[in-house]
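In order of appearance the chains are A, B, C, D, E, F, G, H, I, J, K and L, and numbering begins at 1 in each one.
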Amino acid sequence: MTDRVYKKIEITGTSATSVEDAVKNAVAHAAKTVRMMRWFEVVETRGRLENDKVAEWQVTVKIGFAVD
Amino acid sequence: MTDRVYKKIEITGTSATSVEDAVKNAVAHAAKTVRMMRWFEVVETRGRLENDKVAEWQVTVKIGFAVD
Amino acid sequence: MTDRVYKKIEITGTSATSVEDAVKNAVAHAAKTVRMMRWFEVVETRGRLENDKVAEWQVTVKIGFAVD
Amino acid sequence: MTDRVYKKIEITGTSATSVEDAVKNAVAHAAKTVRMMRWFEVVETRGRLENDKVAEWQVTVKIGFAVD
Amino acid sequence: MTDRVYKKIEITGTSATSVEDAVKNAVAHAAKTVRMMRWFEVVETRGRLENDKVAEWQVTVKIGFAVD
Amino acid sequence: MTDRVYKKIEITGTSATSVEDAVKNAVAHAAKTVRMMRWFEVVETRGRLENDKVAEWQVTVKIGFAVD
Amino acid sequence: MTDRVYKKIEITGTSATSVEDAVKNAVAHAAKTVRMMRWFEVVETRGRLENDKVAEWQVTVKIGFAVD
Amino acid sequence: MTDRVYKKIEITGTSATSVEDAVKNAVAHAAKTVRMMRWFEVVETRGRLENDKVAEWQVTVKIGFAVD
Amino acid sequence: MTDRVYKKIEITGTSATSVEDAVKNAVAHAAKTVRMMRWFEVVETRGRLENDKVAEWQVTVKIGFAVD
Amino acid sequence: MTDRVYKKIEITGTSATSVEDAVKNAVAHAAKTVRMMRWFEVVETRGRLENDKVAEWQVTVKIGFAVD
Amino acid sequence: MTDRVYKKIEITGTSATSVEDAVKNAVAHAAKTVRMMRWFEVVETRGRLENDKVAEWQVTVKIGFAVD
Amino acid sequence: MTDRVYKKIEITGTSATSVEDAVKNAVAHAAKTVRMMRWFEVVETRGRLENDKVAEWQVTVKIGFAVD
């Protein structure tokens, strides 16, 4: 068995509604360019405020994916 | 163009239901005393447990707002 | 009045749907073996990815409980 | 029941004698301007040295207080 | 000579009077259930405020103890 | 001699030209509302990018000032 | 499918020869009391020095194991 | 409105003269391969010493850029 | 002399035998796609446990490489 | 006016009785070899346990002193 | 080829004008007592405020130098 | 019994072969100038890459030694 290797990319997803959706958007976008994604790690949660309300959740994740 | 300056305050919002609502409560309260809020950063997520259940989500955020 | 003492355990709850449910699952399981749980602190949020989607939220919390 | 909100302020108390007194001084001073203080967190312990001796303990705490 | 192994537990001691007493209370309680305690590491110092005074010091330590 | 107490505020200064000017702007603004400022600590350095260039340096500092 | 839950314990393994052996000793000992161990995370690497030589590697790991 | 997604890359710029120039060099180089850069975060400042002088400033930044 | 610029990638190498081999596997794989690699920094050491034994060392490194 | 320069040394003081005494012991010892000590920063608080009691407080400080 | 060894010292340089000059002052002073300095790492940036202005930049660096 | 005091120095050992050898080289070199070394703490693991291979392991340790 060969030893597997994984790369990690850092990506910030946003959503008007929730932390979970911001992560899902980050993953969905990453899926356009990388294959074999295996896990993510949340590294930062921030957001934009507009008119005294949360206008956007911004969640930065590191995504690990296997490389051949 | 003048260089802008922002202040940050640290505030803990609570909610019986979700991380998102705890943040919204923190922002709603901050809106009573500061204007021109621009962003927030989650710095801690904790909670109170009662009768073996999550009774309260406690999310501490730093809120950045512009100053004149 | 006696000075109270608390122990902390570290536990990772998982959920297919949300951060909140992952924490609730961790708390529900901890309730099987410890009593008088008082608070939790989120220490890490990660997840498993499958078929380009979030398959599982994994939230690690420290749970504090009173000891006699 | 309304969801409570807490603000945190950061304050450095000093004392010629002990860590505990430095914290008490910080709290005593904060009491002049904020009400309903609930907890503190020590974030830094430093001190001033003079004539080869500890001349002053400087303890920085965050103080959390409830807001209406 | 066999290689020794140590476990660590995390425990929060409290005291109305000092940081040192809070740690001693944590250690005294731990002594009820673990043997061969060797060292401790302070990981957090917090406290409860009541009527504008420090009502309780809360010091969290990790305690290392040898296992057979 | 009375034990001195210091408060800290967190403030983000910006500048089109340098880290130093961003800090100076933060200090200049703080001077409008607090007196007896004694020291600052840089806690974060970021910036805004526009048209492939650094458009703005954003330096967050904590400013400590004496309170009576 | 039920949502799985994992507990983590913190344990320090030692070895006269290498980092790897210190971890293996920690894992071997943990195996005496917990089942279904899934992963470990190295949190600290230290050692004891004697007669100007490394006498003992001390590696602290967190071990995650599934709970029913 | 679609939720925006940002990627981050980590890049170390160098300069013989200043922190600011090191960052600008990092940004200038990144501009060759990525578009729509929005912000940067300084994560490390180091340097090379030669003949008892600072020969090179090395500033590592994370650069965030929008992806379609 | 032009100011050099370096990029960093984050990559997790694995090995059944040692920390060193896990790093070497990460570097060997990175060599397939990037040139002029100059240094690495270990950012995390974890592993997989199977049948009460270390089945796989997982070492995450950041690799710095020069860019033209 | 010349720009002052300070060196820092790291030193661990111990005491059977308190955190404060451990720091004082560290400072007293440092005074044997360095002059013009100006400040200290507590970086770690640990201790040795013997017979289920705190046998020794071990406080590590960084001491800053002016150099000519 | 022999394996090289480096020592690190921690030193705080000050300057009335800039971060860069504070570092240069630290390096210049270190050059009086150590040889073969190779690199520095900025670990803290602070400053003194006087009359509502930055009176002094204080930059703490670790300096690495080769030892024979 | 007198309260013992320990100093710490920071030193980077290198080795072409392993993490363990890099630490041993650091310790061996420190032994030339300090006596009564008691423990070490690994604070950073890095390395140099040459021709797509690990050319050198660089492990930085803090070494604690007793002082009279």
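Methods note: a contact is a pair of C-beta atoms (placed from the backbone, for glycine too) under 8 Å apart; a residue touches a chain by one contact, two chains touch by 3 or more.
Everything quoted here is computed from the prediction, not taken from an experiment.
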(request) Supply the minimal count of touching-chain steps required to go from chain H to chain K. (result) 1
(request) Please identify each chain that touches chain K as well as chain L. (result) J
(message) Going by more than half of the contact pairs matching by residue number, which of G-L, J-L or K-L reproduces the interface of H-K?
(response) G-L
(message) With centres defined by CA atoms only, which chain is the most remote from chain B?
(response) L
(message) Using CA atoms for the superposition, what rotation angle relates chain G to chain H, in steps of 5 degrees?
(response) 120
(message) On a C-alpha centroid basis, what's the spacing between chain G and chain J, in Å?
(response) 31
(request) Can you check how far apart chain C and chain H are, centre to centre, with Cα atoms defining each centre and the answer in Å? (result) 38
(request) Give, as an integer number of Å, the spacing between the C-alpha centres of chain F and chain D. (result) 21
(request) Can you tell me which residues of chain F touch two or more of the remaining chains? (result) 9-10, 19
(message) Applying that definition of touch, give me each pair of chains that meets it.
(response) A-B, A-C, A-H, A-I, B-C, B-D, B-F, C-E, C-G, D-E, D-F, D-J, E-G, E-J, F-H, F-K, G-I, G-L, H-I, H-K, I-L, J-K, J-L, K-L
(request) Mind listing the chain F positions that touch chain H in their complex? (result) 17-19, 44-49, 52-54, 57
(message) Which residues of chain A touch chain I once you look at their complex with the stated criterion?
(response) 3-10, 62, 64, 67
(message) If we count contacts the way the header does, which residues on chain F are in touch with chain K in the complex?
(response) 19-20, 23-24, 27-28, 31, 37-42, 63
(message) If we count contacts the way the header does, which residues on chain H are in touch with chain I in the complex?
(response) 9-16, 21-22, 25-26, 29, 56, 60
